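After this come two complexes, each holding chain A, first together with chain B and then together with chain C.
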Partner chain A sequence: MTRRYGLKDVISHFFINNAVPIIFIVFIAFAIPISGFSGPYLTQQLVIRVSRDSFLVLSLVLPIMAGMGINFGMVLGAMSGQIAIILVLNWGVQGVGGLFLAMAVATPMAVLLGWFSGLILNKAKGREMVTSMMLGFFISGIYQLIVLYFMGKLIPIHNPVLVLSRGYGIRNALSLLTMRMSLDNLIPLKIAGISIPVATYVIIGLLCLFIWWFGKTKLGHDMRAVGQDMGVSEDSGIKVERTRILAIILSTVLACYGQIIYLQNIGTLNTYNGADQTATFAAAALLIGGASVVKASIPNVFIGVVLFHLMFLVSPMAGKNLMGSAMIGEYFRVFVSYGVIALALALYAWKRLKERERARRSLRGTKES
Partner chain B sequence: MTQQQPLLKMQGITKEYFGNRVLTDVSLDLNRGEVLGLVGENGAGKSTLMNILFGMSVIVQTGGYAGKVFIDGKEVSFQNPFDALKAGIGMVHQEFSLIPGFTATENILLNGEILHDNIVTKLFGPRLKTLDLPEMRAIAEKSIELLGVEISPDTLVAEMPVGHRQFTELAREIHRPEMKVLVLDEPTAVLTESEAEVLLTSLRRLAATGIAIIFITHRLQEILDICDRIVILRDGQVVKEIATHDTDIGQVAELMVGRSVDTKAIATATYDTQQETVLAVEHLWVDMPGETVRDVSFEVHKGEIFGIGGLAGQGKLGIPNGIMGLCPAGGTVILHGKPIHLEDPAAALAASMAFVSEDRRGVGLLMEEPLDWNIAFTAMQVQNKFLRPLLGGLIKWRDDRAIRKVTREYIEALEIKCTGVEQPAQELSGGNQQKVCLAKAFGVEPNLLFVSEPTRGIDVGAKALVLKALRRYNSENGTTIVMVSSELEELRSICDRIAIIDEGRVAGILSPAATAKEFGMLMIGKLKNTDDKVVSHA
Partner chain C sequence: MHRLRQFIDRAGWPRIIIGLVLLSLFLVAPHWGVRIDASLMDTIIRFGMNGVMVLAMIPMVQAGCGLNFGLPLGIIAGLLGATLSIELGLVGVAGFAGAIGIAIPLACLFGWGYGVLLNHVKGDEMMIATYVGFSSVSFMSIMWMVLPYHNPTMIWGYSGQGLRTTVSVDGFWAKILDNLLAIHIGPNFMFPTGTILFFALMAWLMWAFFHTKTGTAMTAVGSNPDYARASGISVDRMRTTSVILSTVYGAIGILLYEQSYGFISLYNGPFFMALPAVAAVLIGGASVNKANITNVVIGTILFQGILTMAPSVINAAIHSDAAEVVRLIVSNGMIVYALTRATRKSR
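Take a look at the complex of A and B:
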């Protein structure tokens, strides 16, 4: 590349490509000293939050690889995870066993929903992201119907703690005390006063390994091919639609596990809108990490989760110390997530235009007007 | 290879698209290790013939074909390209079908990867087999080596120069051991001269290994350089099959282009070479996808009809689109001594140029709007015509009566067949739509009118009417017209001078009275860098 383009061009290319993470790093570099947080405190918080969120964010990588953009339909997986958690609470299974049982129960649901989502997205090629987002809202309605009316009526719920006083429907907030941190604390480890949820990190590590290995399988390879050019892939005999459906199923199932891991860390289930923001926050984290809607890697996931949470941690305090109000930081939370997604999408469109011009530059005359 | 059974035999191939016959009784033979050149103008039937050979779905969907195809003496009829691939027929298309983010290796073995079993395969099926990248790399390397070029198998296609992409495509076709017949459709169109030479050398090497090659190109010199035999198609028929050493470029060019021209149809030039220059174009480049203009200079005199011809994809369409500001462009364009600001359609229109686009449905017409709106639209937007000021000019009101009056005049003058001024443009036939486009352009009373492919997709009778309308407008109003067309005969029948564009450059400017051979030679890029000599001819 350096041979064909000048140094200035290469540098500006680097900044254009990494504009989002650079903006956030600069912002955080200013905000950390103003917030006055200590190093160990920030580290402990980060260690917990990265373990909590990474799995969810990782579930977005495969559909991007398959050219389907950010799978906002991952909330379908999150919802199946929540239904499974409610059922497991009802059955009274506790601890890590409960978690794994929830995963087992949720898997068929997530596979079914992922398959359904994949079918719909195949009908909406080129508009996958907005379609998957709308699909999320639609399935959210069905989820609420199940949880609010069917549970306790059609689906027997014996545990009175879970059910609303009227006799059916699940309470607004459920305590997951029996499962709380059960995975995080499975292998206790403390280094320099910072406790590390080893088991959770092992699972996240295994998932990273899986994604890396998956890229070397025929299916993963096909996904990359389909993601770059459906026409060429189809012409060479790859089953494009089936490959895309498989990508969405995998993403939905991973999101479901991710939500279960997330809930065991938080310790409470916000029954009715716990899953609403899952996709938005995960997408924002991934994009902050330098991913785009066509390219995402495992480093993007971790850089993104770290930057995203650092910003959440320091901006309320920085806001308070600077303007005398912590609210400004809270307000940042939502504002930044949506803003980042909008910015990343706009930047991506602009970048693609620049790339295309760059690619065609050789076809143009020497005298630029 | 004299008495040997031909490797590929196509016999009496006839094909119709919706009653329109595009191939008539075409037969050809191809032997092992032979390179066959297939030449013909756009629309001569080359692509259709190859689509039949390759089992493309467009053929099956339009009712198949008549005639027989034999491979190694066995009759075959491919229902899809994968059948053809299995039978050993490979094709390298004009457009690349490569995955940009994949390496050369990954592209060469796309969906033909070398796979290994692993533990999960048993559980979840063969798609979870792992790729054997070293083995794949070795195969790709061997295939590239066979071509005699140096490409690293690990380079991403996106980072390759165009020539290497072409070789990657070739390597993909030939890595299959069953490959017998290789079809190359304009493989050198995107290559530089030295790259093209390397490609030709590779093809010769391939042929020496026993692969038969069908080579399609408009660069006749290349055909003469590497082909054993040449088949010339014109209007869906084989006009001549000839051994390369028995012919020369002039003969092939003539056979390819030359219908016998009715000399009476050629307009007697009415314009005067002494007239002032209206439009001067210098070193124009236009970045129009598929029609790139690289470096074009020409002058148009007052009152003339200046024709621009050439084969598809050579850049002739890019010229009006660039000058009118519809595509990124650079260079100098001077109209009546004043430079035109490029990349700004409003400036081009304000300078009193008008453009009848080749994209009638997209750019030319407001399909769902009535005729009067269509005809008045540009004049209203650009020149504030048909507008009545109200409240001292605070609001401008559309003058519908004036619009209708003008529309009726044009309907009559151009013989537009319609139910009235209120009819939506989409309900008209192609020829009448084209006339509406002309009326729209005439409506702004331009000094200079660009007309691009005015007769594309309309029937013969309507063609004559459209050309007549142009001719009349030119002689009655003295409007200078620049007409771009793929149909040489059409240009010759109405233009005063004709420029032929080849590979984004002016190959030469001829008088319409020049012979078919002369035009043919320019179109196939034979007379490069000799513009000066040719211009003097006009």
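Take a look at the complex of A and C:
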């Protein structure tokens, strides 16, 4: 059976496969002039925002490789990062040292939570995404219980700046002044008036190398095999459940580091509402970059983060200049984050259904001819 | 002993534990000075408020579309009905009936689109439903600002445009069903007869529907799609019908909620409203692919009972407001638990 693809087929295939990024590029191409932002301003903002978010988005890549979809349970990692930051603030460790201490403290928590998350997801094969999302909501309740009620009571917090006036529980917003941008400014560099956080980019680069290298190891190959077909992998001697748990642990730990890097750039810790949105924004960015639920690459991550943040930057101003209200732009970008996830998920599921149908039809075709 | 084991098997441990917790909360409540009759009234009122939204879970679960995490879509139809009815200046019974009358066709329309979408994504319904819900709520946030509403009770006073985040239905149809035939016993107890009767009517309609030919066909689609197709049932049409029915129940459910609550919550109000309804039906013993009216009634009573009792008792006992967090943990934990249960087939 030979297949010939005409030019029209190739083009339509390209558009169908890259529908989401193309829609976004078109949208942004219209919105940038309307917003009226200058080129250097946008570049500076993008350089900062890409350094802030890439690590978080990269943490989603491994579970997709293992066929588990988007790990909305990455918020578990983000929450362990936040708890570690609170503890480090309490101990009064400053600067980059504080950041690395926070990472060290958070790692065991993230490993434990990742392991737990992996166990749960192994019991929910085929609906990993919705389960990981609900797990995120569930653990977020436990996080609130710890931070709002246990800290200051069961967990000693002696720094009064952190604690609510009632004597226990952490304040809504904490200033990370002592750690703010400590990683970004570690190696200062300015090109044409645009400051570049070199150290952060070096770390992101190292992570990319790690993911690339990991894909070539035995474990990486196992993960891909498990993602392709669990039954076949099991038969060929791969421990499927163990591999899946490892993918989730790695993702959770990376998300935890990602959240710490994110927080040092932002400079304030939004104690109670910070982590919830992390997974939504990271997932939206990845999907805007052209990834699907079964396939995500490092280029997808960077294209996605750039497009997502361009949209985030320009839509409030564009909304204000176009409709006379910045709130509309504000709501619009929230709508787009949710909408793009819905759209990308639906497109993917629809494509899979179509392919299954085509496979069935092609079987029938060979019989007839 | 055998009987007991059978009962435990049928009810499941989480349900028994939640039931026992609720019972013990009622038992210890008087000790901390919490009035039983007032708490009982709150539980019944909340049951009536939320019941229909929990009923909305049944059709989609039965037709094999999973739990309706996209309930906010139905809620939005209800909100449109409510705001349009106020915009038209309808009051009293006419207002409430008008709201339902406007909401139902909208819910049918939304539900139809939503159902067609879900037919294209078989196997991933719940995930996509969640994000359909989220994105429709955020889309409507824009709409609430730009739609040309004029009634001064609903729009922002200083800018003269855009709906307020909460709109009071006082003077329109607040508590219209709660107060219908209400039975007052003592100073602290009131039975909202109208609301409960309305819930019973909706439950009966659902029950009757599942005993018609279409309803039976729907259940068949959910339990075995291949068999259903072989016996000449259009699987896609049944699934769409179930989604429409779910959405319509969601729309009516939010109206029932609002008349009792007294306010319409717009913008981010409906964001997480699917989760309590999902948790309630699961606590009542439903699973991802099986739900009935008994599950709804038991689940809503247990869930809303915990919701009413836990805050007042915990507040009175240890002077802490941890109850809200405990509620989050219980309801979301219940959903995670249900999702990890083995089902008919794993893809």
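By definition in this document, the second predicted complex is superposed on the first by the 351 of 369 C-alpha atoms of A that agree within 3 Å, B and C clash if a C-alpha of one lies under 4 Å from a C-alpha of the other, contacts with A are read in each partner's own complex, and residues count from 1 in each chain.
Criterion: contacts are C-beta pairs under 8 Å (C-beta built on N, C-alpha and C of every residue); 3 or more make two chains touch, one makes a residue touch a chain.
Here the structure is a predicted model, which means the values were calculated and not measured.
> In the overlaid three-chain picture, which partner chain does A:86 touch, first (chain B) or second (chain C), both, or neither?
Neither partner.
> State whether A:124 touches chain B only (first), chain C only (second), both chains, or neither.
In the superposed model, A:124 contacts chain C only, not chain B.
> Check the residue A:325 against both partner chains and state whether it touches chain B (first), chain C (second), both, or neither.
A:325 sits against chain C, while chain B stays out of touch.
> Is A:149 touching the first partner chain B, the second partner chain C, both, or neither of them?
Only chain C is touched by A:149; chain B is not.
> For A:219, using the defined touch cut-off, is the partner it touches chain B, chain C, both, or neither? Pick first, second, both or neither.
First partner only.
> Could you tell me if A:134 is touching chain B, chain C, both of them or neither one (first, second, both, neither)?
second
> Check whether A:275 is in contact with chain B, with chain C, with both or with neither, and answer first, second, both or neither.
Once the two structures are laid over each other on A, A:275 reaches no partner at all.
> When the two structures are overlaid on chain A, which partner does A:231 contact: first (chain B), second (chain C), both, or neither?
Touch partner of A:231: chain B, not chain C.
> Of the two partners chain B and chain C, which one touches more residues belonging to chain A?
C
> Could you list which residues of chain A make contact with chain B in one structure and with chain C in the other?
In chain A, no position sits in both the chain B and chain C interfaces.
> Would you pull the chain C residues touching chain A in the complex into a rising list?
69, 117, 120-124, 126-128, 130-132, 134-135, 138-139, 141-142, 145-146, 275, 320, 322, 325-326, 328-329, 332-333, 335-336, 339-340, 346-347
> Which chain A residues qualify as touching chain C in the complex?
69, 120, 123-127, 129-131, 133-135, 137-138, 140-142, 144-145, 148-149, 323, 325, 327-328, 331-332, 334-335, 338-339, 341-342, 345-346, 349-350, 353
> For the complex, which residues does chain B have touching chain A?
Answer in residue numbers: 81-82, 97-102, 106, 110-113, 115, 126-131, 133, 159, 283-285, 287, 292, 294-295, 328-331, 342-343.
> Could you pull out which chain A residues touch chain B in their complex?
Against chain B, the touching part of chain A is residues 1, 213, 216-219, 221-222, 224-225, 228-229, 231-233, 235-238, 360, 363-365, 367-369.
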